[in-house]
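All chains are identified by letter, namely A, B and C, in their written order; residue positions are counted from 1 within each chain.
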Amino acid sequence: MQYFFEHFAVAVSAISGVLAGKDKRVDLFGVVVLALVTALGGGTIRDLALGCRPVFWIKDPTYIYTGTGFALLAFFVSHLRELPNRLLLIADAFGLALFTQIGLEKSLAMDATQPIAIVLGVVTGVAGGMIRDVLVGEIPLVFRQEIYLYATAALIGAALYVALEWLIPAPSTNRLIGIASILVLRLAAIQWKLTLPILEEDPPPSTPPKD
Amino acid sequence: MQYFFEHFAVAVSAISGVLAGKDKRVDLFGVVVLALVTALGGGTIRDLALGCRPVFWIKDPTYIYTGTGFALLAFFVSHLRELPNRLLLIADAFGLALFTQIGLEKSLAMDATQPIAIVLGVVTGVAGGMIRDVLVGEIPLVFRQEIYLYATAALIGAALYVALEWLIPAPSTNRLIGIASILVLRLAAIQWKLTLPILEEDPPPSTPPKD
Amino acid sequence: MQYFFEHFAVAVSAISGVLAGKDKRVDLFGVVVLALVTALGGGTIRDLALGCRPVFWIKDPTYIYTGTGFALLAFFVSHLRELPNRLLLIADAFGLALFTQIGLEKSLAMDATQPIAIVLGVVTGVAGGMIRDVLVGEIPLVFRQEIYLYATAALIGAALYVALEWLIPAPSTNRLIGIASILVLRLAAIQWKLTLPILEEDPPPSTPPKD
């Protein structure tokens, strides 16, 4: 079951990697690299930081196969038709929720303290997309208001799981609550355009702008 | 004492990470990530290269707390008033000097050879800022003349410490000399606009081009 | 002999790193960092993923010396005269072939499965150049059609070596065939402008756009 969820998250992330290459004149190789970096980048940074050796996709090459397969599929489908944006946002929210929970639990299993495990859960959820954006020359989407709450949803869900496990240890129930809370928060953020404040360009925001 | 210095360097770097997000429409999450990457990025690359596992901020989460706390503080203060640039440059010079010396000594303690320890000292001092600049879509400041001598100050100070330790082993005195020399060189570079030569756009700058 | 080839590949990659800094107002320090990142970046990612600790250039500092030396040489020569582009493309093709084969064999020696070893061979061959391009604010050249087949040549040569070793184990002969096939494919790609398909901007390229 977990295996299925992980590969689902890899597939969804791979597709988002392919879409990031649009209008950038990226070729088939670039598309596959963007897909794999998006899908495996977060977990790779987590494993390196924790000192897992080798990293997870070295031990089990099926992650590379799933990522490459869905990248090729998305590449060819995107030549035929526009992929529906709404569907992709929902699938991506599932990917965020699953990767965050997987990263959180793996970090706890490797004896990371709870605050660090929360950080590494969020890293697993969002770092792949950050590297993807840097590779196509963009400031990471996850830093910007226009995608609405994203990493924040992962952070709250991960903290909720840790709090519940501390109150009533019940991993399988709490895991579902953690994943569901990330998913609900993320979809609510898209629906109601929930955002974090941004860093102002001009420090005093109350005076009328230059006239 | 060393603990205090390390956290001071983390705080200063975190603030420089926040400032790099200005005019980039980066939100509160992005600001915290930029701060943490700037503050912890150099030491993370050093630990990964040396094979320290896990990396330093996994073992001691207080680095994450200091970085996040000062990032939030800088975020809110920058909404109220302009941060004084001169003060920041001086604080950043302290950060450069302290991180370089910490990275150098940790690498020597992990049995790196002296030349490699010097390289890893400079990496600890400057790599976090390089990742910060890439994340906001800029060519790293440390590559460019306009900040004046920066990595070069770190390189000279680190080499001086290694040379002194080889001549007269006295770690605590030599450490102070190493840190002070980086600080003085960096502040002198700002004061007198000392720079390295740049890569010319047109190789023969005096002769007329091909005719 | 292998030692000579590795240092030759480092030297060539270092020069390509220097050239990437052209017209970017990069100073002497930036030039050396770009050179070292290009020359050592791919092998570093391979070693980190495999869990080799420390990474290869920590154990043997001569890689840093070769990279820095050729970077300085290229920096000063490029002030005097234009470097011949044709020669550089051929030297770079040698670098790609050698690094890929080295990465492939090291990964197999570390008990990576064959598909993963092929992936890590390609990573060793191309990742340094990817980081170089990101540092100067460009989308990696290796993602784009305009350099013609590059990573694909490395992939085919690495797969050929693995297939030959499986059919007739003869490492030293197969190694030469692997390197030669990457070299020939890459030079053929430059000569006849062979490319991979790119991700289309507008999915349906034949129908008139929305009217």
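Convention: a residue touches a chain if its C-beta (ideal position, glycine included) is under 8 Å from a C-beta of that chain, and two chains touch if they have at least 3 such contacts.
Remember, predicted model here, so these are calculated numbers, not experimental data.
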If I superpose the C-alpha trace of subunit A onto subunit C, what rotation angle comes out, expressed in steps of 5 degrees from 0 to 180?
120
For the two copies subunit B and subunit A, is the contact made of the same residues on each side, with over half of the numbers shared, or of different residues?
different
At what distance in angstrom does the C-alpha mean of subunit B lie from that of subunit A?
29
Where in subunit A do residues touch at least two different other chains?
48, 53, 134, 137
Sites on subunit B touched by subunit C in the complex
48-51, 53, 110, 112-113, 115-116, 119, 130, 134, 137-140, 142-145, 150-152, 195-201, 203-204
Name, in rising order, each residue of subunit C that touches subunit B in their complex.
18, 21-31, 33-34, 44, 48, 53-55, 57-58, 61, 64-65, 75, 78-82, 134-137
